[in-house]
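One structure follows; several queries about it will come next.
Naming follows writing order (A, B, C, D and E), and every chain is counted from residue 1.
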């Protein structure tokens, strides 16, 4: 929007609790973001929002300039609402962080006919659809129950719960329970569930310093993660409400792009475009692109390797240029 | 010119005056909505009234392809069923415990502190325990409503049982009533209309817990729909749903008031019109 | 054998002595009117007769047995307010006693039992002149009609004793006069023993056969609660004697202090 | 033997009787907890009392490495601040609008329908809208409390203003009072103790909204902590927190009751002990 | 010139005619007592004098001006209940009028003004004999003391007219007598014009200089609301004449119907 397109020097970005986004917690309390923002003569307020959906709503409604979210949510929420969004940083992909847990069976095929608790229409839903595909089932073979992510652990203890789809840290907590059998994880579909920092395209165009500062701060923390810095990891663990050991377990299931070059490579690869096409199709089938959407390509998605969908309505862009600039500066 | 406190609007004028703030709010909304949509035609935050109306019409008439149900009615029916059962159970428990603990001092001493403490516990915070005890299906949602509403009803009814003039209990005994008969023929009939009244007061809380319960785990229901579509900021669904819930709450409230006036004329004798 | 007798009867609330040194015996058929300053313990005394307050010392006997420690159908009562059940019609209020008696479980009778109860209630309601208001609820009745109803209800059990605590205190003077006629008639017809508290000396003289004045005989200004009230005057009232004369006699005695207290 | 309704426990016995159900509950909990832990020593749902005590002690004494604060006190302080500010604002708005709309018929006609409708909207349903409208700062959380509680306070105070005997308003005018003076010297002082009372009633709802708000967007607070650790089913934190919230709610309630009795003795003259 | 005058005054509520054809004129210093069956419109009449009910037809003039359409400090009032402010002490209640007058904004005075107000209030409180209860709240006073307080409060503004609606209706007979003495004294000392509604004929005769009986003269059994009450008797009462004689005369006339109605 024009208001956001103006040059400013005060910005805010938000994030919610998830293994791959805990670096933002560290970057915020330890002043890494402030340091990089100062360098570019701006200020960035990093806000933690307890509820993931709410954090995206904040971004879509224009209350914040950037928000940590997954590739699918970036497409179906802000982009589908007409907010031109840019994936500035691709931080990680889920490599086992999402999982399907069954009671009384360790075979995914046994999910047939069960009630499945999950956050409907989230990446979990997409992930579930992919899993079902792998055993030749469709969504018609199960029943989905919309469940708040925070309550899913407590719910699993109940005798009436048969299956859940969830992510970490809830997934670990459930897997630890005696009756919990993890039958399928996102490690089977690597590189499809991407966790990103998404910022408003117009704001970014008018204020490229915002992009540079965020990228700088992010990769400074990535170095600590790469070095397995215990103190930094402890702080992230604490913010996530767990301990060092618990947090490491979550990180094990997360493929962090600690090397910026790798992230650039992903963004430029044609596989990303394929993934996004699949996501767009899934979203269209579930009505997530809006009731009026005529087909899956109504919202244009642009990556360095090409555009999927309506080229005159590009609302989601993968932009490696800021990461590239950081790499060049190093 | 009369003093301000002595000025009363005429009967017709009262209606118009009452509509005034609603009109102002509606105008405010429309202008804000127009402003946002002019900036971004895809904006979902403040949809136009026409947009909301057509979405609502769609929800109220179109069959869902997968389930074959009409969304709005399925949601409404599911939610009403939960709230009626939940409030019904609460009312029953409230009446029994209220009468017994209000009427029998020896039981009151036992129960009062427990009820007081129970009414202070925020039920939302002990959800996991509820799931274990009641599963995750309808039972849990109804249990949440019951747990949220019953302590209030018990306390209200107990209070009213205590406020019944001692004279009546004594009189009943001089007419030969046993303890059981006093409870049955003096307390029960006098507390029943009060129960209806207390239930009306508690309905607001009941809706609250219903929506909270549906937000946590559900497959249909008014709260479910709102929390599902909030993901997509689909205000064109949320806002009509909120209006619809408000209307339902109002109708339920009026229904109870009407039943009470019809069934217990003596209870309502002392009332003026409460604006 | 007297109906009711007290010996050195006392009532305390903690250290507060409300009544002390009560000695009397009352025969069946007497109409005792009780007067005394506000707060001197008249209602407390009535509650002991009812059985809702325990006696602290001494003895209070009914038919030479210690008085029961809770209300029962042998002692009817009418209070100044709240004596009738607001959720029952006139008929329902008066039938109540019969229904409680004939249906222990539900406290409500049906069929033939119900018809009998209605018949009996009708007779009582006629007696107090409420036959035009059978299906009205108490809130539709005037204060006087409510008190008549309370009396009809209390008499349904044919109690031996009727206890009245300022039953006409809230009524208008005209209506009051009417009630006097009624209570007097019922007392004579049904040979009741009546205890009536009143603040109206004239009423006390008009109705009673015996007047009790409650007052303190000892008073300690340092500890006003140390001594209680007792019956300072126990006067027979003859219906034939004009009450005026009696009143004067009383005033010559000690009732002035009482009256003054009543008037603050 | 007395009838059951006439049996009253002695003063000392009352305390003991009141404790009884708590003891029973505690025993029930311990046996259930033992049973679950015997089956699975890692079970988190019903931790042992010792476990809860040590966790709570840790939260109440150990400084957090990241923030340098003691978790329990930081949470408590944040939540209390929100609830006090939120309820304070509600009380203020409620008093002003309640007095003005209760005292001035011409304004009441304008405001009453709006307040009635507003009080019927379940705030939980508009929770998603609120956070979008107010952002995720303190303002939104306080706004949720205010929106949830104020309509009730307004209606209660308006009702009581209407129930003030007309005689008093007339008397004040025969003593030469202007409209303003009637509001200031007759309605205001008589409604203030009622406001305290209504606020006590509304506190339960306020806690509910506080916890709901903190669950969605907060970085500290009692509700935040419960929802944060709920992901790990850390009942050893949740249960003591629930007990702590209950205690705080109780203390706040008693504080208000005490202030009211102290400041407005005339208001409490008609009360017996309400069990 | 008479203080108050009415010409063909009527009051309707919708189709319900409550009062009709009222014609009178009242001179300063009169003490008018009003009696009549319950619901016949006495309170409605008083409300018209107060200005809280509008007149429907005819004219009602105060000093030859139409009566103001709202209450004002020239017409004091005492109701049966709720006349005093429960949140103020005795002193606060009586000071109120003065404070409202001297501080338009806050309605509360401070410093010297406050001291003056207290002084004035003291004098009034002494007059009604409440000097021992200055700092008590109304709930700590007996019914009689509350009504005295209400009178002291009403007289603080030195109104020309005092309107009393069954002011002693809820009091005990003894206390009632006491209040009669008080109101009589104040009426004479301050040369008030008083209108007093009462249900007690004796009271009406004892206090008034003029008695008004409200009753219906026409009655349509099909439409009981079609005709209103009016002043059927307007009798001067002389203090010297024994009221008994008057009463009898009245009863020979038409008051029987009224009394009967009152007694239901």
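Simple rule for what comes next: a residue touches a chain if its C-beta (ideal position, glycine included) is under 8 Å from a C-beta of that chain, and two chains touch if they have at least 3 such contacts.
To keep track of the chains, here are their UniProt names: C, E = Lauroyl acyltransferase.
Since the structure is predicted, the reported quantities are computational estimates derived from the model, not experimental observations.
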Practice item. Average the CA atoms of each chain to get its centre, and name the chain whose centre is farthest from that of chain E (Lauroyl acyltransferase). Key: A
Practice item. For the chain pair with the highest number of C-beta contact pairs, give its two chain identifiers. Key: B-D
**Study point:** Chain of greatest Cα-centre distance to chain C (Lauroyl acyltransferase)
**Key:** A
Check your understanding: Counting in whole Å, what is the centre-to-centre distance of chain B and chain E (Lauroyl acyltransferase), each centre being its mean C-alpha position?
Key -> 47
Point to revise | Centre-of-Cα separation between chain D and chain A, whole angstrom | key: 37
Study note, to complete from the structure: The positions of chain B in contact with two or more other chains are 3, 6, 45, 127-128, 132, 173, 178, 215, 227, 230, 233
Point to revise | Sites on chain A at which at least two other chains make contact | key: 57, 61, 151, 153-154, 157
Point to revise | Residue numbers of chain E (Lauroyl acyltransferase) (touch at least two other chains) | key: 52, 70
Study note, to complete from the structure: chain B residues touching chain D in their complex are 3-9, 13-14, 17-22, 45, 103-106, 108-114, 116-117, 119-122, 124-129, 132, 152, 158-159, 162, 169, 173, 178-179, 182-183, 204-205, 207-208, 211-212, 215, 222-223, 226-227, 230, 233, 235, 238-239, 241-242, 245-246, 249-250, 253, 272, 274-275
Practice item. Report the residues of chain E (Lauroyl acyltransferase) in contact with chain B in the complex, numbered from low to high. Key: 52, 69-70
Check your understanding: Which chain A residues qualify as touching chain D in the complex?
Key -> 14, 17, 29, 47-51, 54-55, 57-58, 61, 63, 149-151, 153-154, 157, 169-170, 173, 176-178, 234-235, 238-239, 241-242, 246
Revision key, fill the gap. Chain D contacts chain E (Lauroyl acyltransferase) in the complex at 165-168, 170-178, 180-181, 184-186, 189-190, 264-267, 269-270
Review point. Can you name the residues of chain B that touch chain E (Lauroyl acyltransferase) in the complex?
Key: 2-3, 6
